[in-house]
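One chain, chain A, links the two complexes that follow: it is found with chain B in the first and with chain C in the second.
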Partner chain A sequence: MSETLASTFTIQVDGQTVTVQAGQSIMEACDAAGIYIPRLCDCEGLVPQGSCRVCCVDINGRIQAACTQPAAPGQVIGNETPTLNAHRRTLVEMLFHEGNHLCPICEASGRCELQAMAYRLGITQASPYPYLQPVRPVDASHPDIALDNNRCILCGRCIRASRDIDQKHVFDYVGRGIHKRIGVSAARLAETDASLEDEAIARGTCPVGCILRKREGFDTPVGQRLFDRRPIDLDNAVQHHIPTQAVPAHIESDPP
Partner chain B sequence: MDNTDSVAVKEACARFDFDPKRLLDILWQVQDVNRCVDANALTDIAQATGLPRVSVDGVASFYHFYSSRPKGRFAIYLCDDIVDRQHGFNDLLAVLRDELGIAPGQITADGLFSVDLTPCIGLCDQPPGLLVNQYIAGSLTPAKLRRLLQDLKKDSHPGSSFTQGGEGQNGNSLIQTRLKNNIRRRGAILGSGQLTESGLQNASELSSFEILETLRASGLRGRGGAGYPVWQKLDTAFRQITADKVVICNADEGEPGTFKDRVLLTEQPDLVFEGMTIAARATGASQGILYLRAEYRYLEAWLEERLAQRRAEGLLGSHICGTEGFNFDIRIQRGAGAYICGEESALIRSCEGGRGEPTSRPPYPAIQGYKGLPTTVNNVETFCCIARIFEIGATAFARLGTPQSTGTKLFSVSGDCRKPGVYEFPFGLTVRELLNHCQADDAAAVVVGGPSGQIIGRNEFDRRLCFEDLATAGAFVVFNSTRNILEIVRAYIQFFVDESCGYCTPCRVGNVFLLERMDKIIAGKGETTDIDYLRQLADTIIETSRCGLGHTSPRPILSTLANFPLVYAALLKAPNAGSQPGFDIQKALDEARHLAHRGSTLYDRDYSGGVS
Partner chain C sequence: MTKSRVIEIEPLTRVEGHGKVTVHLDAQNRVSEARLHIVEFRGFERFIQGRLFWEVPVIVQRLCGICPVSHHLAAAKAMDKIVGVDILPPTAEKMRRLMHYGQILQSHVLHFFHLSSPDLLFGFDAEPERRNIFEVIRKHPELAKQAILLRKFGQEVIEATSGKKIHGTSAIPGGINKNLSLAERDHLLANHGQFLEWCRAAVTLAKSYVIEHQHLVKRFAHFPSNHMSLIREDGALDLYHGKLRATDAAGQIIFDQVDTDHFNDYLMEEVKPWSYMKFPFIKRLGNVDGWYRVGPLSRLNNAAFLDTPLARDAHLEFRELTQGSPNHSSLNYHYARMIEVLHCCEKVHELLLDPDLQGSDLRSSGTRREEGIAVIEAPRGSLIHHYRVNENDQVTFCNLIVSTTHNNTAMNRAVTDVAQRYLDGQPDITEAMLNHIEVAVRAYDPCLSCATHALGQMPLQVELVDADGTCIQRKSQYIDEDTYGL
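For the complex of A and B:
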């Protein structure tokens, strides 16, 4: 008991010793140590929710989500293993096939975390899975913001940012199972108090091209965007959500 | 919106003190009165409770029995479990089409009737069954269904041939059914005759520590499936130093093929409540909740009456059994149609008025559960065991069963056998023994534990039903040699697709992929490579899902691949030389058509709509 209460301890991650501050999740401990665990729904500054499962790691033989699993003394963790990366590929393919993703015509291409994760995991050819081709509405009612649900991966980052940082609760999940979607707190987005200043609407909160800031789409040409230049990793995957910093611009301003 | 609709919403909110934690109850009342929870109701409820509108929408759209579009004045839900499908379901569907002119998902023009399908309603021993408003009926025939529809049209309620004549308490004026109990064998739980409450009397004189010690000595393990030692969970809650604690009885009984909790709640409700009260004594809880699946709402009046009676007798409330400081009471929380709410952390969220999505552990519910309080959740049967242990003693209880599975177990037996019903046996009997008892002469496959359990074949019939071998929460569904195994598998995967909460990617999407491939195989278009595809997909779903639903949902496929490989082999072709594996020209054309319409009718029932 006293050992778990000590303020620091160590765990092993892919053979490397990592020092943990008591109370950290495996994800937090690895981030601090400079070890990247792939992720999509997790985002620094937001409470972790463990839903995309891409951050699955092997903890003493059992697979768990690194973002929600507390680090504990003596854990032996596998991260970049062939088995885990195979699972991650399948998960990312599931997300592609669940929605309607046509990257060449998507405004998010090049700064999209889903696309970047696919590249990182080596998804280069068509997967064997069926396309579910859902019929999902586009909500372009708001003067400044559009919502293209076809590309939503249900990561819930907008929900948490709006609820916990903006204190507005513009978004939440509706429906169940494969019919689960992102809903807005009115009949349509224009009737909510969503605004461009919201953290939920800030570029980078939505990891894909679902929440779109109108008239800003192609400010950086496709081909010169962040993930066009470098793979997704620890330095550029983590967003900093601080209430006062409305629009984290660091993504596009990253040096090449 | 109609003004009266709006009034109904206000009344519903007021009745539950505008408490957002009672959102399920508020939504139920709105659904009952307005026959739907529409967009205006969402806005009104949000305003009255202070919840964001989208969160009310999120809860309303999560549960099967709330609908955004109006249901009929008589909302018929026909059970489409595989057992019902094999025992008269189609005939009932034909009658409904014939008499009402509507198919599932539709409502008659006069708004009188709506018809929908619903998963297992707990009547597999007396199929086919249905729900209509707060009524339930089993053993239906086309003639009986016609009669029921006439009764409803004429008198606005089912006639006495549906509401009277039930076996045992089923015919009680507070229950009003014609259901059977079908109790085929009684043991320590069902068989001890008149209740004496001596278990509670005995326990009220013991300290928490002594109660926990007795439970430990009894070897009692949870009856809801996982088999966790009961004393350990209660002990964890007992050790928490908090102002209050909570004891919850899990009566969600959603696993297709189980119905023994229904029979216990009908015939032995006091035993259940007695067990809960003893558990409360052990942990120090003053709050109790019985989470009752919506399908069993016909039992509510009966259960409420029993609770009132217990309060009057000093068995609930303050100073229970005259013991100073022993205070405990129980409320009933009605579910709203979601199998996942049987998972204990999802159940707790549901009790708090939320979407029934499981939560991450830690924290464990026994440390931080309902409203943040230490909460222990146990199965209905588990509570009955607790009560009996304090009546007959831990030693007598532990003498029954096997070393790791003490006591008796209730099995819900259904399907192709002559004596379906509830069988209570000490743990450890073989599948074959149970098959003999229920007179299943031509059993070819048995589903042990329901879709999340195992589908076994004849070469496994000597396995024993206990935690050491074939663990089960009690479902035991028999299929004879004329049944199509793959259709059974398909029905179960469809069940998981419908019941996945959708929280995590592998279960939400992966099960749809499994279903698609089963359809392909059943259609005779499967290739040998599809087996690897299924296994790999199953592996990712099992390994990376967040809760027990995803950890078990591929089992119907995996257990039949292991136990009935020839059934698959007979349908699979080697991939065509020269053509790409998995390429199906007809399907490709269909896909192009779908794409042109931006719609996939196969998987997207209502993607464009709101609440289903």
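For the complex of A and C:
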């Protein structure tokens, strides 16, 4: 067998044959083939962490996160199935329950991946469960950046971007279970070395309206925001990708 | 019976939001006073504290589903001050003005045709089943169609300028986030001639009503008062921006060309234990004599002229009704409202033809300030927004004085006046009597959810209270509590 043949193989996704480069995750292979797998915590250019579970797919009968699961020869994968989408819907609903999401007054509205995912999955009304409606203080101490933790979905994109790309480690998880939230590496954001130039602060790294670039809110008219024109899909989901040249070598995935 | 009584009316139908009226009777069964109560409060000014200042224009418009644009723009104007901008780029100011005229047009049309025309067309005494918009549609289909299309036009102007028909986001601190595309402009211009005709007809309709019902108009909730509004430097009506003018019952100036930043030096608010709605008054005149009215009637009383040709003439005719002295009739609010509709329709046209609306300089910036005060003429009258913002960009203080609050004393006067005239000494409360009270309140087009700054809506009723303060009869206009076991 030649070198080329050995490094590619195929898998089946919703009945479609997808060619995989050895070493790709299922998510990477599907992205390359133009097949969209819904996701929230995964972001091109960041190490996948498989925490939001929205990208779970059915792999030969087992449900696993597509962003962390390596593609393997012979996999038969279900993606857009009614069962999986029902699970995804529940997961996304629970994110709305855990945070305090008042979309109509949120500057992320229209470019927010959580909101767009809710629309994609057909969440049009409140679920019957109680909302936690936390009231968490806004950290507006930094001159250029504000944090509204009420809208954080704990995707960890800011953590990975700050640690791996900006090499600053401004953000990390603190607390456990239902009390888990995003903390900063000082008492307040103003005392960290976070800055507008950070990849962690770039618009789109935070998928929701938690990390805010101050005084930029509502600068895009309704109708021209990222998800106004079309629902979240492959093109606009990976629209915010962190350029690979910015990614230090040590976190690039090694070929097996 | 020798005890005094109180009558309650709820819900007041066809006012925006809900409230309650109590009619206080003395021992001789004579009406001593009537009060308009606001019964729910969710403290918007507290909710906004700690929020980031650029969110405020979007958040604050959620106070109201009927005139959100007024709140959006008043807050944006206050935030202009915060970001140190006193003069907006022309495109931004004109886009905002266009939005505002569209808003007043649609709100006034809604109020006049959908909410008030049943009373005016069928009479205050008509059976409740007939006094509604559906009957108007049945009996006056052409009028109803015009109302619906005019309102739609106003909403389309709002959508094109704010991004959405309701709760748009375009006014941002220091400017606007979009201009008007040529396609949007042409769409809005397409039927403008027709709309202008309908607005003229509406003025004629309102005018003939007040002339044909002169007797009623002069008697019904007609009382002298002070009037306050914004005014342009040259004395013209300006609904978007200007300085404050107050005139007394004889039309004499109380104060004039007051910079809105200093409104606090001229106005005070009094709290009364039975209402969540405050009672503002002119400081210099004190809380007894200092109350005033705002809104279409006051604006047309205060304005020296209107700066669009058709509305200018209509205003002159309006002033002739009272030989140039101030018009104090509550029912004339409707007439004044229609003149403003015509004015807004003309203003919209003027702006649509202005190439500045296609400009690309949308936003200015300046030196940050801690305090922002803005006044705008909302459909129902002067709307004051006052904020303080800390160095972290968070709101630390917010006070809103909405139009309905300015009219608080006036509405109570109107209700008392009508109660004394129509309920006094009568053995029983009739539907028609209660509706007279409602008509009086409705003339002010009150928006009660705004007035209490609640985020939701409130129910409203009328109660009869005796001299001991005991409620002896409670009545709702269309919901009979006995029948429904409420």
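The rule we apply is simple: the second predicted complex is superposed on the first by the 231 of 256 C-alpha atoms of A that agree within 3 Å, B and C clash if a C-alpha of one lies under 4 Å from a C-alpha of the other, contacts with A are read in each partner's own complex, and residues count from 1 in each chain.
Please note the rule applied: a residue touches a chain if its C-beta (ideal position, glycine included) is under 8 Å from a C-beta of that chain, and two chains touch if they have at least 3 such contacts.
Model, not experiment: these values are computed from the prediction.
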Tell me the contact category for A:105 with respect to chain B and chain C: first, second, both or neither. second
Touching partner for A:51 - first (chain B), second (chain C), both, neither: first
First (chain B), second (chain C), both or neither: which does A:179 touch? first
Chain touching more of chain A, residue-wise (chain B, chain C): B
Determine, under the contact definition given at the top, whether A:137 touches first (chain B), second (chain C), both, or neither. both
Identify the partner contact of A:213: answer first if only chain B is touched, second if only chain C is, both if each is, neither if none is. neither
Would you sort A:187 into first (chain B), second (chain C), both or neither based on which partner it touches? first
Is A:146 contacted by the first partner chain B, the second partner chain C, both or neither? second
On chain A, the residue positions that both chain B and chain C contact, one per complex: 137
If you look only at chain A, which of its residues touch chain C in the complex? 104-105, 107, 137-138, 140-141, 146, 212, 214-215, 217-224
Touching residues (chain side chain B, partner chain A) in the complex: 39, 52-55, 57-58, 61-63, 338, 355, 360, 362, 497-506, 508-510, 512-513, 516, 533, 536-537, 539-540, 543-546, 582, 591, 594-595, 598-600, 603-608, 610-612
Touching residues of chain C toward chain A in the complex: what are they? 50-52, 54-55, 57-59, 62, 83, 162-164, 167-170, 172-173, 177-178, 392-394
Chain A residues within the chain B interface of the complex: 49-54, 56, 63, 65, 68, 70, 86-87, 90-91, 94-95, 97-98, 128-137, 154, 169-181, 183-187
